[in-house]
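Alright, structures below, take your time with them.
In what comes next, chain A is part of two complexes: it sits with chain B in the first one and with chain C in the second one.
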Partner chain A sequence: MNSPLAVPLLLIPLLPLVNFIILIFWGKAAPRSLAILSTACLAAATGIAGYLFLTIPDGPPTTAMSADWFFVDKQFFFQFGIMIDGLAATMALIVTFVSLMVHIYSFGYMEKHEHFGRFFAFLALFTSSMLLLVFSSNLLTMFVAWEGVGLCSYFLIGFYFEKPSAAAAGKKAFITTKLGDLGFITAILILLTIGAQTQTFAQILDFESLKTMLAPRNAAYPLLKDWSFIVGLLLFFAAIGKSAQFPLHVWLPDAMEGPSPVSALIHAATMVVAGVYLVARMFFLFGQDPNLALIITLVGVFTAFMAATIALKSYDLKRVLAYSTISQIGYMMAALGLGSAVASMFHVGTHAFFKALLFLAAGSIFHAYHSLEIRRIRRVAKFMRTTSITFAVGALALAGFPYITAGFFSKEAVLSAAYEKFPWAFWVLALTAGLTAFYMFRLIFLTFFNYPVQSVPKRSSGDDNADENHEPHESSSAMTMPLVILAILSVAAGYFGWLLPVRIGGEIPHGGTNVLLTSIAFAIGGILLAWAIYSARIVKAEAMVENMPTIARFLENKWYWDEIYDATVGRLFRAVTWLVAQFDWYIVDDLYHLFGRLSVRAGMSFRQMHSGSVQIYLLTIAIALLILIFMYNITRFS
Partner chain B sequence: MEGTTLHLPLLMMVPIIGMLILMLVPADKVRLIRQIAVAASVVALAYAIYLAIGMNNPGVLNAEQFAYSFSHPLFAVGNSSILFSVGVDGLGMVMVLLTCLLFVVALIVSLNIENRVREYYAVFLMLEVGCIGVFSATDIFLFYIFWELILIPMFIIIAVWGGRNRQYASLKFILFTLGGSLFMLLGFIGYYVAGGSGDLTHIRQIASGSQDLLFWLVFIGLAVKIPLFPFHTWLPDAHTEAPTAGSIVLAGILLKLGTYGFLRVLFPLFPSAANYYAPYIAVLGVVSILYGAFLAMSQKDIKRMIASSSISHMGFVVLALSTLTAGGFAAGTLQMVNHGIITGGLFLLIGIIYDRTHLRGINDFGGLYRVMPFYYGIFLLFALASIGMPGLNGFVSEFLCLFSGFQTYFAPMPLLMTAAVFGVFIGVIYMLGLVAKVFSGPAPEKWRMLSDLDVRESVSILPLCFLVVFLGIAPGVILKSIGLAMDLIAKRVASM
Partner chain C sequence: MSRARGSNVVLSVLLIVSTLIFGLGILAVVTRRNAIGMLLGIELMLNSVNLNLVIFGRFSERIADPLEGQVYALFIMALAVAEAAVGLALILALVRKFGSVDADAAGTLKG
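Our next item is the complex of A and B:
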């Protein structure tokens, strides 16, 4: 079963995995040199991924390797398998490249941190799990990698473990995504149950054979088709959890507690796109069921809009970016629901570059200003030339600035897909694009220049405690170099969109002039509006907030999702726990206690009879004899 | 008799000899006593490994697929006799190995016991004999004798070396388990009267009409031990009060006696009742999964929490066994072994901070991440294994238990099975909550000087760490060695 591709394919996830093991055991002894080794290995993996991307043949996936892992019955083994196709190769290249940039950047960013080695160890494990996820050839292997990704996010988000808020954020991320994972494992179990009934045990978890079984013209598996909606829904629930879509999006903004390079990795290339990748990988299932497709579109469009509105009123640099991620992932999901895997993957690719860029640039700003509160950051453009230019490029790409940036092309592809199928989705997404442009340039106009803020908030818990008196300065070249590379790609990637149809199949949708003009209008309009409010100050921002206090509060509280969940699911959960505890303590256990007391009481009363008085013994004997005689007579006569 | 070997009786003699030697050593030679006891358990482990390797040789298994059979009449009852008859199949061998391993761990971790050292080790060695005996007995009365033999030492361990509330806990333990085994004894006698033999290698069928009552009598005896809801309330108390090594043995081995009994006596002796009542047992299993998990959520004491989580994890075993398929039996057995390793390890780890601080409350701790980094790493490993992280041993067995449960019961009870999956999620919440409370945040002043693991602690935990990882990657080692036994038992249950 092993093809010649097995070795390079295995090397890509294995290189970082080996580095993880080395770093976790010896990272304390020689953190710097081992981190360099790890980065070099990752560069090699990136090279291999690039080579595979360019050379793998078109057509159906190649299974590179599969090995038996464990079994229950003799006839059925669970397999561990990897494979490659255009989709996997594209994704792998993005993952390795972005991770490489993050690695290089971390040399500067984490320079003085005492757990430098451990940080690189988890970066390596994170990358490795994500790569395994990309290459997995069956659902079980993917689940293993999927859980690995979740675990690494727990470690990295909670990297500053002494900080209670960081530990809580890591926990929240892990538990929320784990709730989604229940959908994944239940889907696997249901598929296996169906497989057992139709004698297709071994192949049912395999993507390729599942695809054949579900093919529209294949009528051999009616049971599977009956269940495909449920299975699809469960898998989508898992994807929602990982990709931070409504209603499981609440973990991602809190995940900002992690160091900035981690945020870049999570948002651009690993964690959150895993859900998109799962849906793209199982597109044969989601694509052919119109109900599933509609649900995916609805969730994607709603999430995109909701997250964008929250970003309007956020004052934390990284949180704005976090909500923009949730919003952009909504675009990718919507594109999948609308039936265009290519548009979705295109947006995954361009988004990976500019979002990694934005987070790394935000980290660079944090490094200089020791704060993420945008009302405290002033005149970035003056102090940090490279960072501000690259950040602006990223913002332009995210806003979809026409024709120059990559974001424009991929967003236009998503919008075109919507325009063809659901006009309502198109208009909501176009409006969201306008909001996106607005909040990104709100960030820029507020922080890059000297916008006067009425009330500067006090230091928040997110700020670090370095003294503020020195002037902010540009970061080291280890940090700015990845910024420049990513900025170049954020522009250039748009011109390589034509590679995707070749690699993945399908076509990039183009909706014509209407779509083009609408998206240009919203992008430019959003930027101009931000300029008008925050730079030219034609309209006062404060006045707007005063005029719409309810909406402002609603947005500032993030639509109250955390509160709603706490009041419903959280309360229910605590109530059940409380009930079980009370039931156990006062009913079950006390019944046993009662039983024990009754036995003691019974023993006490029997003791009365053993009083030692011969008269009472004789009396008892006499009564007993009488009863016996009486009973004997009854039985004889009846 | 042909093929008779003295291997198993000799294996049982190893701890007994150790115990006898201990009796000859003066009580104040503490160091020597410890060395003798640990040596005895290590020799027993080595012997068990030797026997396990020998299982693969051709011709070791007899016609009934038992190895190392030995039989000697004890006393006559009517025209047949009760036999001292032992032997192991793949299932018994794996359980014997687990027993010997966990006893080595438990005795090493007890090296810091200062109170009545000689008696302590003697009682533990006696307990080991009882456990090996149950897992290798092939006669129901011998099974029962060993079963009872276990109770006394465990009672003494809790009552003498236990915590503050040890009197209550030990009494509760002995009353529950004695009460349970009384039912079991009644069931055994009933079976013996009806079938005329107590031989577990040649099982005599009894009329299906008389199976129902006997089935439930034996079931109660076993269910108390597992423990299944609603017979579980002794467990948190016993665990909380038992010394660390006692908890390890209790969680790692004693709870498995119940589920082992399902496979060895309950299902094979009463196959038609088993087939009839299996769905009820499945429901009880799922109820235990959820009930135990929520109970664990509500606990404020770390030991009580882990004890309650055992109820939940053993529920998975019961669910898998209730499918009455070879696959389900294998899944359940694997989960027994894995739970023994994981929970044994967790109790060991809790014992370590208890030794240092004499506290067990979840809220008593914080920030240990920085104070005891090595300890944190190992605790995290076991916590992750316990919540079923792929790559560690808990995942494979939990997944297989759910898998076999789904195969049999998803069609009739889809919602119940989905609820069982949800049990995994609750486990994540309380386990991560525990880790976060104990290890994250700033370290309080009073815990700043806690020392990380010393040699004794590291040596005792590292073998378990290795198994957690190894059995996660290569669970086939166990699945392969128990496969034949599982097939035979499943066949016997199916051929009612």
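Our next item is the complex of A and C:
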């Protein structure tokens, strides 16, 4: 069963895992040298992934290894399996590469942090889980990796756990994604139940056999076909949680409490695309059901638009990027729903580069300014040359600046997919592209140049210890080098789009001149509008806010999602927990107090016997002995 | 039935004496306030048992040699000496700790 690919395939997730174990136990003793070891191993893993990406044969996936994992019964058993195909190889290369960049960057960013070793340990574990997720060949293996990714995100978002807001953000991310994971496990249970009934328990979780079982011309499993919609919906719910799509998107903006390299790794390039990857992996299920595809498209398009509007009125550098992430993942989901896995994966790839770049550059700005409040950061372009240029490249790519940047090509592919199928989706996505260009260049015009300082509210999230008298300066080369590499890739990746159809199969959609012109128009239009408002000041931003107070407040409060959840789900949970607390206090606690009081009372009565006089004890023993002898004789002679 | 070594009446009298001594020993141990008195009571109980050994050695038909019981009694006397030494050492420790040979003074076992 094991193919020669098993060794390199296992090696890729195992290298970071071993480093995690080393770092978590000995990370305190020699953090720097072990982190260098970890980075070197990751570089090796990246090399292997790159080699696999270039050399794996086209066509159907290769199951590299599958081993029996645990048995319930002769018939009911579970397998651990890894496999590789074009999709997995592409994804693995992206994950390892971005993770490598983040590792290098962290040497500079976390330089003086006392938990340097722990940070690298979690980075390694996270990378390992994500790679296992990418290579898993059945749903159960994937679920384990999926949970590992969620756990690591909790560790890393709450990395500054001494800060209450960071601890709360970690919990929020964990619980929200866990809600989605319920969908995953329920889908697995439904599949297993069907498998038990149709004698296919062993293979129903395996992607390849599930694919053949679900194939349209295969009529052998009507039960599975009946349930495929529900299973698909549940799996999509899990993807929604992990990929921060509406309605489970609320955790991702808060997750910006984590260190910037973490945001780059988890919340831009890898973890959040795990949901997209799941849908792409199960595309045989989602693609053939028009209702599922429509739901995915709707969720994707709506999320893309909603997140983009919230980003317009956000004042935290990283939160703007977080909302842009949600928005861009909306694009990827929409592309999947529209039936183009290639366009989606193309966007995943280019987005990984430029979003990692943007987050790392934002981290570099934070390093210099000790603030993420965009009303306070000024003249980045003057103080930080490399950071500002690379950030601008990332912003251009995200905005989809025509023909130069990678983002343009991938976004155009997504838009084309929409244009062919649903014109309404196309127009919403195109408008979102315009909004994206606008809010990114709002950031740039506000922070890079000498825009007059506005009044800043006292308490703002990204603003910890802003030091007014501090002269910002460019970050160290460990931090700028990954920025430059990623900036180059953000431009160059677009020209390698042709590799994807070769590796994944299918074709990159091209919608023709209309799509091209519309996307160019919206991208340039958004940039120009941002320039007009925030640089040339033809239209005053403040005046716009005053003219539309309701909309401004609506956006500033993030569509009130947090408030809505608090009023509904939050209130329900608080009511339930209140009831449970009452039960605990008045029934469970009282029961235990009762037992406690009983034993105290019993002890008090028994202590009367202990007079402390040895002679009385002796007398008791003698009398007891006499009684025993007496009783013995009675039983003996009666 | 093997041959009897003596009359049952004599045996009974001797056993009653021995039991009385044992009872007096218990009485002394339980009632004496003085720890040395208690030790004497213990010695008394020990010697009543010793007496029993000699008596049964003399009167039992199953024991071939009457000397056997007396040899045991000698051993136990040696043992009693050792036991008395330990007991006196304990009493000495008790006096050092509580400043009195009165058994009631050592009341720390009281719950």
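Criterion: the second predicted complex is superposed on the first by the 563 of 638 C-alpha atoms of A that agree within 3 Å, B and C clash if a C-alpha of one lies under 4 Å from a C-alpha of the other, contacts with A are read in each partner's own complex, and residues count from 1 in each chain.
Just so we're on the same page, contacts are C-beta pairs under 8 Å (C-beta built on N, C-alpha and C of every residue); 3 or more make two chains touch, one makes a residue touch a chain.
Since the structure is predicted, the reported quantities are computational estimates derived from the model, not experimental observations.
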{"item": "Touching partner for A:Leu618 - first (chain B), second (chain C), both, neither", "value": "second"}
{"item": "Partner chain(s) touched by A:His610 [first = chain B, second = chain C, both, neither]", "value": "second"}
{"item": "Touched partner set for A:Pro4, first chain B, second chain C, both or neither", "value": "neither"}
{"item": "Contacts of A:Pro290 with chain B and chain C, given as first, second, both or neither", "value": "neither"}
{"item": "Chain B or chain C, by number of chain A residues touched", "value": "B"}
{"item": "Complex interface listing, chain B residues touching chain A", "value": "172, 175-176, 230, 232-233, 291, 294-295, 297-298, 325-328, 330-331, 367, 369-370, 384, 389-391, 395-396, 399-400, 402-404, 406-407, 410-411, 417-418, 421-422, 424-425, 428-429, 432-433, 436, 439-443, 475-476, 479, 483"}
{"item": "Of all residues in chain A, those that touch chain C in their complex", "value": "606-607, 609-615, 618-619, 622"}
{"item": "Interface residues, chain C side, partner chain A - complex", "value": "26, 29-32, 38, 103-104, 106-111"}
{"item": "Residue ranges of chain A touching chain B (in the complex, touch as defined)", "value": "68-74, 143-144, 147-148, 151, 154, 158, 161-164, 166-168, 171, 174-175, 178-179, 182, 185-186, 189-190, 192-193, 196, 576-578, 580-581, 584, 588-589, 592, 596"}
